[in-house]
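A, B, C, D and E label the chains in the order they appear, each numbered from 1.
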Amino acid sequence: MIRLPIVLFFSAGLFAVGVYGVLARRNAVLVLMSIELMLNAVNVNLVAFSQLLQDAAMTGQIFALFVITVAAAEVGIGLAIVILIFRNRETINVDEINLLRW
Amino acid sequence: MIEQAWLIPVIPLVSFFVIAFLGKRTPGRGATLGILAVGAAWVLSLIVALQQIGGEGAVERSWPWLEIGSFRFEIGTYVDGLAAMMLIVVTTVSLLVHVYSLGYMRGDRRFTWFYAVLSLFTGAMLNLVLANNLWQLLIGWELVGVCSYLLIGHWWEEKENSSAAMKAFITTKIGDVPFQFGIFALVIGAGTANIQQVTHAVEGGELSSALVLAAALLLFGGAIGKSAQFPLHVWLPDAMAGPTPVSALIHAATMVVAGVYLVGRMFLVFEAAAPEALTVVAVIAAITMLIAAVLAAVQDDIKRVLAYSTISQLAYMMAALGIGEAGYTAGFFHLFTHAFFKALLFLAAGSIIHAVHTNNMSEMGGLRRHMPWTYWTFLIGAVALAGIPPLAGFWSKDEIITAAYAEGQTGLWIVALITAALTAFYMTRAVLLTFFGRPRYAEEVHPHESPPTMVGPLAVLAGLSVVVGFVNAPFVGWFSDWVYVGEPHHPEFSFFNAGLSLAIAVAAIALGLALYGRYREREPLRRLGPLYAFAQRGYYLDDIYLGGIVGPVKGPIARGVDWTNQHILDGMVNAAGWVARKLGVATEAVDRNVVDGIVNRVGVATGWTGGLLRYIQSGNVQTYAIVLFAGVAILAVIFARI
Amino acid sequence: MQGFSLDIDYHAILPELILAGTVMVVLLVDLVLRLDRKWWAMPISFAGVLASLGATLSLLGSTPRTTFGTYVVDDFALLFKVFFLAVALVILIVSLRYFREGRYFQGEYYFLLLTSFLGMLTISSSRDLLMLFISLELVSAPAFLIAGLRKRDPRSNEAAMKFFLIGILSAAVMLYGMSLVYGATGSIALADIAAGIEGAGRPLALAGALFIIAGFGFKISSVPFHFWAPDTYEGSPIPVAAFLSVASKAAGFAGLLQIMFVGFAPTSEDWTPIFAVLAILTMTIGNLIALQQTQVVRLLAYSSVAQAGYMMVPFALAGSGVDEKAIAAAVLYILIYAVMNLGAFAVVIAMSREAPGTLISDFAGMSRRNPLLAISMLLFLLSLAGIPPLAGFWAKFQIFAVAIAAEQAYLAVAVVVNSVISLYYYAAIAKQMFFVQGTEDRPLRAPALVSAVVALAAAAIVVVGIFPDLFAGFPGNATLP
Amino acid sequence: MTWEEWAFVVLGVVGLGAAVRLVTSKNVVHAALYLVVSLLMVGAIYLLLGAEFLGWVQILIYVGAIVVLLLFGLMLTRAPIGREALDNQQRGLSAIVALGILAGLVFLLQDAFGDQEIVLRPTRIAEAGESLFTDFVLPFEVVSFLLLAALIGAVTIARKEDAE
Amino acid sequence: MDWFDTWAISLAVFLPTVGAAVVAFVPRAADRLIRALGILFTLIPLIIGVAMLFRFDFGLGGAFGQGGAEALQFRVDASWISAIGARFHVGMDGISMPLFQLTLLLSFLCMIYTWKWLPDPGRPKAFIALLLLLETGMAGTFVAFDLVLFFVFWELVLVPMYFLIGIWGGPNREYAAIKFFLYTLFGSVFMLLGFLAMYFRAEPNTFDMLALQQQGFDVTFQLWVFAGLFLGFAIKVPMWPFHTWLPDAHTEAPTVGSVLLAGVLLKMGTYGFVRIALPILPEAAEIWAPWIGLLSVIAIIYAALACLAQRDLKRLIAFSSVGHMGFVMLGIATLTDVGINAAIFGMVAHGVITGMLFFLAGSLHERYHTREIAEIGGGMMQKVPYLASLLAFTAIASLGLPGLAGFWGEVMALLSAFNPLDSLNVGVYRAFMVVGGVGTILTAGYFLWMLQRVNMGMVPERWQDKPLADVTALEYVSWAPLLVGILLLGVYPRLILGMTNEAVGSLVALFGG
């Protein structure tokens, strides 16, 4: 028996940390990692709720499963783009990539 | 025939178009046509008048014209004694002037156009006289105004001529506006514009007394403008810039009496609003006749002398009407006689000017040897105007004075007598300065008698000036049976008044002789010093009008309005456009062509929003992200508040 | 829940199946094609899309039908599927020359493009959060990649990266919201959510809704989630920009309409204010910034942001008793907007072959160089500004109408004022084309196919504008349950 | 506090701590390792909550695949070392935003689920598989396309030689 | 002739559009052919219009109140947009007729004028096509009896005029064009909001003007809707202070553009008041009327003063339009049969006179290549006597000389202000009347002054030896109808009032007047 709020607070914390990372890190790969944190926060939520609701279809967990899959795909795409940029620009610092503006 | 009176104005109007469009190709380059047309009108007028006198009574004829709202307005003619008399005056003088102009205007640059406009004027004036309803009358009223404008400005190469023309038009227009309002009042009150129905409605007391009074006064406003009464008289002297025949026709005999005619035509309205309305008329008239006569006495330009004289004589007529029914006939009788001898005077003056090429009497003198015809005719006119029996002026003027006396209008009576004296005085002055003394004109000028085309009309008018007085002389008094309101007032001869006015006139003439008998270079009246100067400047009325009203309106006020338009109203619009466009950014303008310049004009508001947005759109994706979360936060707040 | 027995309605998902098949075919064919034949991928894709379109049309009248529990094929879904496939055809047409001449990765491009459209087909039928999420990702992920296809151009790379980062970020946010909704209502099926939303979980569910709105806000490029759009449009290949500004935006709306008008319908009074604010902000800011642009694609990007603002107005009217009208208005606007915008982009694509910079000033003298393009462009711009009698006017007209019917006149006024502002920068382009004498004066050649598309779109704009009845009817039927 | 809660708190604190280090460390490789830790903790939490299947997936896919992928990324991009090199100028602002979100969420969640409790009931992998292949076939198929697209696309984008 | 009754309006309105389409397919080289087509496709509608005059029953009254539908002639009521119940509902009554005719006539004359004069940068094809489109928009506005249809025609006018100004205009054309476009669009969208509000308030929802007149909305609602409509119409008229787009547009526009702007476009606004605002929102109209009257008289004085300050001839004429429309609006603001009749008469008269004035200004510019009064410096009477005389004639007509067209509209408007609708404050309106009277004096002032500065005086030596052609045959052809019209309307105002009086009567009946 676990009190739900504890779990949720944990996930919220994870989410917040992820957000911070996304906003504060300039290295693109680190940004990706931070996003992974946020997705994990989501998953924790989903699992917790699915366990709370005890629904036979385990919707929450399956949902989380899909989130993981999608996350994997996205990471692939993201890294591909990062590498592409690195090849053209010799940097992957997000805040230096601002040719396009205003 | 009298039913066909509509032909009388129509003929000249048609001839206007003919002359204007193909006059140059006709024999006499338009003049012949014009004379024929006016001649025809003259003949018809005579017939109509005779029929009228023959006791046909008032004849009205009308055709439907326009419906607007509940109003049904008709166009038509109304011939009664007054109208018939006016027809005679207008056509006769007009005909003579047409003939006279053959000589006077020979070789003029716009000879044909001149005749075209003369025709137009005649037609318009006749239409004014015959109109049976107020709108039609108004049309004639304004048309003669335009003709006067065109003819005064006939020699528009010189700026002062065109300015004089404008002044005439605008000044009379100022009177016309109240005139229109007066018409409104009557039309609204009576539900029709037909003059007879209106007057009867007024008589029948269908209109509230206040409305009637307002109507009367407003109408009189029109009369003040047209008949050059104080304070709108200032345009007439300047109008002398036009060719002299025009002055004779329009500014002496016909158009300027339209005001008097109007008051007479709507007399019942004025009576219904008595005493106030008539009193106003009388007072204005009194003031006018006096000040004008004084001015006439100090002019050097012979035409201006006559012009001011005209003003004061018109005031005489007005005054007569102001007296009431008793003066009605007298007033129009004076109009009748005055038309002839004043036209005569003008034409004679024209002949003089024709000879010496100047208007200034100080540059004339001793002309009677060179141009006897002109001299004698002018003299006749002068004497007639001065009111010496048995010439026309004496009878008509005397009847007015008598009427004033009889009606106990003492003030008016005195003013009239003074004016009579002044009149005699300035005419003496004019005659002496022009025809007597030693020549003062430049020696290269060789004055000569004018051609018959000019002298002929002079002679005719002179003859008329002698005889027409008798049509209403005491013990004759036919005129009184033609033109009257209520009951005919036959003039009864009062030795007292006759003698008095005669004596005064003689005295004035004597004074004139004394002053100007041995005139040298110096104007004797200058001894009056400041008074003379004051009169010379026409009491500074013109300066007041120009400096006080016209100048500011044309100058600062107009410019101010225009500035407001460009900078305030338009500025706001542009500012709106600019703000909308600028609300994105403080610096670069996308579209220089559209609102360039406003950029500098309107202040640097609202740039910061743009600055902010631009800062955010920095190209740094993480800034975008922060804003994204900020957005979520804001939305959350909105949520919470709901 | 139907246990093991899977009775799949294949007809219902036939369009998706065909398109999926096409995707594989394109992929395989690309492997065997010689370099100078790579462009064959386009006709193949075209044929596949046509087939799928046919399949979709074959479903007309036999709706609604449901399969896989929550996969619904109703009029709404059909309308959007037809729409998406039609758009796909246009995008394919305008892409051909561009990618062939640019020698970009044609096979992969068409493969990814179609995959994205596959996601759009599924999103229009999805009625639960999971499917919506996955479909949305299926729409986005390929888009991230094709935005970067001009690999040699760092701007293109950058476009892709920004698009990707913001995309994935908002996806995460949206997911968190979904998880909250799931927790609060105990279900991910929209219908059940609507049922379970009342009660203790309500504020949480609304917070979830908020996050979801944010996630979709990215997709439809609503302020303040729009910043990626101009940069990405400008950087990516122009056909892709067209694709993003029309198709993927529409996909976002398709999803959002369902979530809001079905899932969260019961609590509309809570979230309508948000949409009111977002709509006004979006149209206003979009327009104001657009006023400043000198680069056409960027200008169109901001204009499409503003247009999104108009499309969001109906959301703010939910629950005022005019839901059906509101949805119809939004859908109608999306459809007409797609025609106008695609047309405009097609013109830009045609022009970009000579002026890759695509500055507004490059349009100078267009009326001389290529009257057809110039006049069509003028029609598109006026239509976007909402000048009658063009289709764009009817789109806006519907929005006004609903707003006033819902007695929310202030929204109508906002739209009004904004359409006037917008005219200002649309007119700027028109001015260049007609008033300004260009430096270049020789005729501007446009690919036949592109010209055809442009002419077709222009004709549609006018015809629909004069006889709205030909068209205005069926969005009305396509209402959500 | 039941023992499960104690266990959870421990795992959670470690996980969060690792997460925080991940977003603050000055060395990208360390950061990657912190990520591993954090993800492992999450996986452990799944197991603790009784979601066995998910837990193992988490450990295998994430730690086994994604992190490796990210590490490759780091290698390929030779990321520099040091805070200035790794953090941008808006740290403070970011922190505020993150804390704000945290606060908001905590408030909301406390408000909504203050008294709820999870009864730990292990779910068998079989059940998961079953529902995955019955109710969720369609998403499964769709997501496969997503993966395919991601694969092909990533290769296209990332491969060195500019084809054609 | 039934087919004629059903098709007349549609033909007259849409033939020009067809013409535009045809012209579009004529090769650019065939210059003459294009212009000839332009004349042809404006001539046919004109003929149709004249034919309609003979088929028209002037006794039927106007399309207002109960009997409205019967009064509507040449009526076509076809389904158009079933979704919102907007219909293609066109028809003609005594109020539409004169303006409709005016539109067809002016368009035709402009085409004739264009046969010879086409401002830079040439491009007759586009020019003619746009003029034709413009005609459709203008003519349609005056016959539409469905609000949506009305709006569509109303807006249809904007685009062609925008390009006419923007491409063929003067040096400052682009600014003027965009200003015109945005300003009028801004107004018209609020008008549209008003339409929609009425649509939804109506039971059942309808855009049909006749049906809406039967609604009897509550007063507060009326006030708001009237405000919206007012914005749209007043900007178009234009009423002070919404007039600032007009001087720029008129000044920059090419000659025929100015002619149509002044001749027809301005009337769309006033017509809107008469056709839509008054009958559908009578109570609101009564409340708003004094304010409209106030703005009108302000406009009269203001415009006159502004004219006194103008240095550019065309700009002066433009401002004078503001003043004249002030008289028109004053007439409308009285809500009396006299006033509204006067207003419509004033519209037509202004269309003829000011149209003529702009023609003259254009030809003057053709010769002198300047419109600066100071530049011309007088002496036109000597240099180009006929042109000068026509200018004088038209100017004098414009200052409202009795016996010419300008007079009746002006004086009847003032007359109506003497006793407005009973429910309105007589004192206020008489004050308006007086101010208006002053306005007439100022009007005379600036026109005569203009004549003095342009026509009279000696020819400045800079023009002395410049050969300037006097009025040419083609100009006479394209002007004669207007000149004759000015005279005819002046002496026989029944030509217009005969059409309008009945119709206006049935309109005023709605006010119990």
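A few notes on this one:
Everything below uses one rule, namely that a contact is a pair of C-beta atoms (placed from the backbone, for glycine too) under 8 Å apart; a residue touches a chain by one contact, two chains touch by 3 or more.
Predicted model only: the values in this text are computed from it and were never measured.
The chain with its Cα centroid farthest from the Cα centroid of subunit D is B.
If you tally contacting C-beta pairs for each pair of chains, A-D comes out on top.
If each chain is reduced to the average of its C-alpha atoms, the one that sits nearest the average of all protein C-alpha atoms is E. Annotation: 77 Å between the Cα-based centres of subunit B and subunit C. Subunit B and subunit E have Cα centroids lying 35 Å from one another.
We define each chain's centre as the mean of its Cα atoms; on that basis subunit B and subunit D are separated by 101 Å. If you average the CA atoms of subunit D and of subunit E, the two centres end up 72 Å from each other. Those residues of subunit D in touch with two or more other chains are numbered 88, 90, 93-94, 97, 101, 105, 109, 113, 135-136, 139, 143, 146, 149-150, 153-154, 157.
Residues of subunit A found to touch two or more other chains are 15, 18-19, 22-24, 26, 28, 31, 48, 50, 52, 56-57, 59, 62, 66, 70, 73-74, 77, 80-82, 84, 94-95, 97-101. Contact with two or more other chains is made by residues 1, 130, 134, 137, 141, 144-145, 148, 151-152, 160-162, 165, 169, 173, 183, 207, 230-231, 424, 431, 435 of subunit C.
Of all possible chain pairs, those that touch are A-B, A-C, A-D, B-C, B-D, B-E, C-D, C-E. Touching subunit B in their complex are the following residues of subunit C: 161-162, 165-166, 169-170, 173, 206-207, 210-211, 213-214, 217-218, 223-225, 227-228, 230-231, 269-271, 273-274, 277-278, 285, 288-294, 360, 421, 424-425, 428, 431, 435.
Looking at the complex, you find that subunit B touches subunit D at residues 620, 622-623, 626, 629-630, 633, 636. Interface residues of subunit B facing subunit C in the complex, by the touch rule stated above, are 577, 580-581, 583-585, 588, 590-591, 593-594, 609-610, 613, 616-617, 619, 621, 623-625, 627-628, 630-632, 635-636, 638-639, 642.
Contact residues of subunit C toward subunit A in the complex are 1, 129-130, 133-134, 137, 141, 144-145, 148, 151-152, 154-155, 157-162, 164-165, 168-169, 171-173, 175-176, 178-180, 182-183, 186-188, 230-232, 234-235.
For subunit A in complex with subunit D, the residues that touch the partner chain are 1-10, 12-21, 23-30, 32-34, 36-37, 40, 43-44, 47-48, 50-52, 54, 56-59, 61-62, 64-66, 68-77, 79-84, 86-87, 92-95.
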